[in-house]
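As written, the chain order gives the labels A, B, C and D, with residue 1 at the start of each chain.
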């Protein structure tokens, strides 16, 4: 297992008030992303645990594009990776960002 | 005086040698090897019918059982090298030389045998090239073919999987060759005559159907969100603007996704009747929802597909059927249709290089070409116009006067930036080149040449190569949709943004597509069972695709 | 240990136990003079629907009638792996046997499993693991999963698995590992006769509370399960709404 | 401990386009099933992902863990009634039982036992015991089975819902058979030994695991409903599971010697009637179904009345 931490600056804080969101499953070729609003508003961290070592630069590139596009400031993304390809990683990150920015459901 | 009938005399001697084993034309399955030993001569060119689907499996086993002392150094000329027995013939020395087109399931072994010198290679062809050479310099002395049934006169019913048979028989029978057919049963009257009996010299009663592989069944349950996204991009970014109505689809999951998005995503875009109405295509089960929703007008097929016979029989307005009601397929004609009558080919590949050349070989596998290059190439002989063809031509050459400007076929490569086992789809150098080095081939096995490719679709966007004006632009256009592969990461970001501004590169957002909307619930069918429901219970999928 | 040796050592006062195709059913005289229902499996026999229904019937016939403990002697294979058994719903038959044993235990018929040979998977769950306490005779060799199968699934060589097994009791076969996880209440010694050890166990029989989580934690073979179950149970109880 | 509101969903739930049919249970993730099964917004998870209660054993095999170890447990409401609920995620490690995964379910059922009134729902999706922690998984299953019987002895309905990708295999099948009621869809499968296990141990002649039609008519949802192994058959739609689950939690889940005696008779009768038959088709024919071959292709709305008419009923004898 390899763990990676990527810390980036986000120009805008994530919208909404949800504390956390989770998407995806640690299945073959998939990953889970846990988003938690626990950081300072201009910070965005990705903590990655992956079974496939040696893809640091690719994770960096995916993370950079993701934060550039969605700017989810204040959110820490914790990732358990089951060997997902970068396109799936990008989709799950975007899904997690969208979900944590959704309004709280009425109960 | 010159002797002008030697071949006919030789053919008659062969028939005479075989006739002792036959009752009329009928030979018992147990005598098949003796028949082949009697009829075939060492060094003969033999077509052992191996198509990409149906297989003359009994005759290939019979040939393999022949005595190599009597039968050897044969020159096999067949489109498909698919069964293990096809290669065992070379191991045993019965066969020596090979000209073929497709070797999907045997791709690793054939590579090893080519490398080890067990096989003397003529050439790897496309289907149309091999069929063409049957009539020029690779005419079979003996054709071993497969049919569903025969009558006692040798009239053959090839059924839905007619495939290569008419072409093979035409070349063999009319040039004084011998045609031997294995059939599932002998009947009093065949349901329809696919091959007239006077072209068939012997019929071996196999007592069981020939082997057929379900090659074109894609389980919708396995289609991913990324494939759905690429399919959405293709429909909205290529099918719609060019108005593509006549086309061929490859067999990958992205094109299956396109088929399943027509009645949902396509419907919402108001494209029904405007795109995807006429196909050169096998009976893909994934196309059933689009057919049922009224999208498709007509389909001509290379072969059939396991489980589709009942559905096809009930939809003769869509498919080509015989007097018996079942599908009539014909690989040669459908390939010609794909080459000349279609405005678009869209399919997937394993590797694409910086010039857009693509290949499905790896260093240890030689899968052959099959028909993709016939479909996936610009037909330089084409003269009839159509809107998509003219528009693509104008994209490529805005300068020449319209009456003198060639059109272009749309040749689209669609796929995810990373494929199976996270292998990148985009590479600096094709593995095919290394393979060609190792095997000392004159040509690297390139499936689709870069100068034929017009568009590349990935989850990152569409690259329209018709709009590129230099090799450097072309390279950046390809890098610009290559995602996080090494090729993609090495892009010139500024150049790529420039190409995007010119519409050479189109991102999902440029087309108004949110990647997060690429959801499986968009698929008209999400399982094989859904396809069965769409078909009204007429589609009967093979057991291995079922979960009920 | 053979069944004959086991029965002789366990029940010196006599027993009436019949063995039919690996399935044993009967009764035995206990050290204190009372009778116990005895059932079980011998000779590594697999348990299929036919075996399970016979064993469950013995428990059901006795559940309201008798008063003594129920002893389950186990030297079984795995569940019977066959098309017929699955067609008939083997899971229900195995569960039915386990349910009968558990319910009998809850109704005051203490159940004791005695593992004296092999057992695995579904057969283990339906018999030995469905009792209030499970004791093992030295030499017992339970294997929830055998290493060759595990090697096939994990695609790791057996030697690698054996190496990994040294550091954790959580996956490897064998009595020691299983005892560490808390499945086995006690391993009987071979210096004292089995009837005396059985007598001692019956005299100090624990109540029906499932202690296996606590034992696993105490013995260091299953360190998390007890606490996690307790946390979830607590959350379930504390947040209760009307 | 972190007890959070449901903020879950494998992929965003809000983006379902129109005209795409009902939400499939089979396709949904464990969290999506919970979201759509329970009253909207009512799920509160115990040991939720932010608590990061993960398996410590997978790293030994260089396998990634998941923040919920493949099972989400908590409380929710179903038709206005308080329920305890567990959902297995069949795509993580095949939904298999490991130490943490199992202990979460053990604790949940024990809570139900002690509350003695709150029904339990178990959304099965499991291949059985997780090989990498086989001893812990097996033992967890034994503990869960005992807890389920204790809960039912205290009068608690324990309802199993089966229709996921991984089916309900191995020890999962044994727990399922301890439930007071089972709801199953066509995609659902219940068995102890899976097709590949039988084939590996006994050969392809005994069971051809690639013959999927055979798999389904041996252990699939329709067969299980017809022989009375599952009481309720539903279409593969979350809404259908919800309706059936609401009904089942209203039923009496108590177990006692009389219930077990009835089960003894039910199971005994099954072996007597069908024990010599080779194939599901033979059993369906023996049940009096006019055209057994048509059963696999039948849509749910046709199959349900057929099963009610010809199938083995006897809901409570379990």
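Some observations on this one:
In the analysis below, a contact is a pair of C-beta atoms (placed from the backbone, for glycine too) under 8 Å apart; a residue touches a chain by one contact, two chains touch by 3 or more.
The chain lineup, named per UniProt: A = Malonate decarboxylase acyl carrier protein; B = Malonate decarboxylase alpha subunit; C = Malonate decarboxylase gamma subunit; D = Malonate decarboxylase beta subunit.
From a predicted model like this one, the values you see are computed outputs, not experimental measurements.
Ranked by C-beta contact pairs, the top pair of chains is C-D. Closest to the middle of the protein, by Cα centroid, lies chain D. A separation of 43 Å divides the Cα centre of chain B from that of chain D. Our note on geometry: chain B versus chain C, Cα centroid distance of 59 Å, whole angstroms.
Computed from the mean C-alpha positions, the centre of chain C lies at a distance of 24 Å from the centre of chain D. Here the spacing of chain A and chain D, counted between their Cα centres, is 32 Å. Residue positions of chain A touching 2 or more other chains: 95, 98. Looking at chain D, residues 11-12 sit in touch with two or more other chains. Residue positions of chain C touching 2 or more other chains: there are none.
Interfaces, counted as pairs of touching chains, are A-B, A-D, B-D, C-D. Listing the residues of chain A that touch chain D in their complex gives 1, 18-28, 30, 32, 34, 36, 49-51, 78, 80-82, 95, 98-100, 102, 104-107.
Across the complex, chain D meets chain C through its residues 1, 3, 44, 46-47, 53, 56-57, 60-61, 73-75, 82, 84, 99-100, 102-104, 106-108, 110-112, 114-115, 118, 129, 131-143, 145-147, 149-150, 153, 170-171, 173-178, 190-193, 197-198, 200-202, 206-207, 218-219, 223-224, 227, 229, 255-257, 260-261, 263-264, 267-268, 270-271, 274-275, 277-280, 283, 318.
Across the complex, chain D is touched by residues 221, 225, 264, 516-517, 519-523, 526-527, 529-530, 532-533, 537, 543-548 of chain B.
Of all residues in chain D, only 11-12, 15-17, 19-21, 23-24, 26-27, 186-187, 210-214, 216, 220, 222, 296-297, 299 touch chain B in the complex they form.
Interface residues of chain A facing chain B in the complex, by the touch rule stated above, are 52, 57-58, 61-62, 83, 85-88, 90-91, 94-95, 98.
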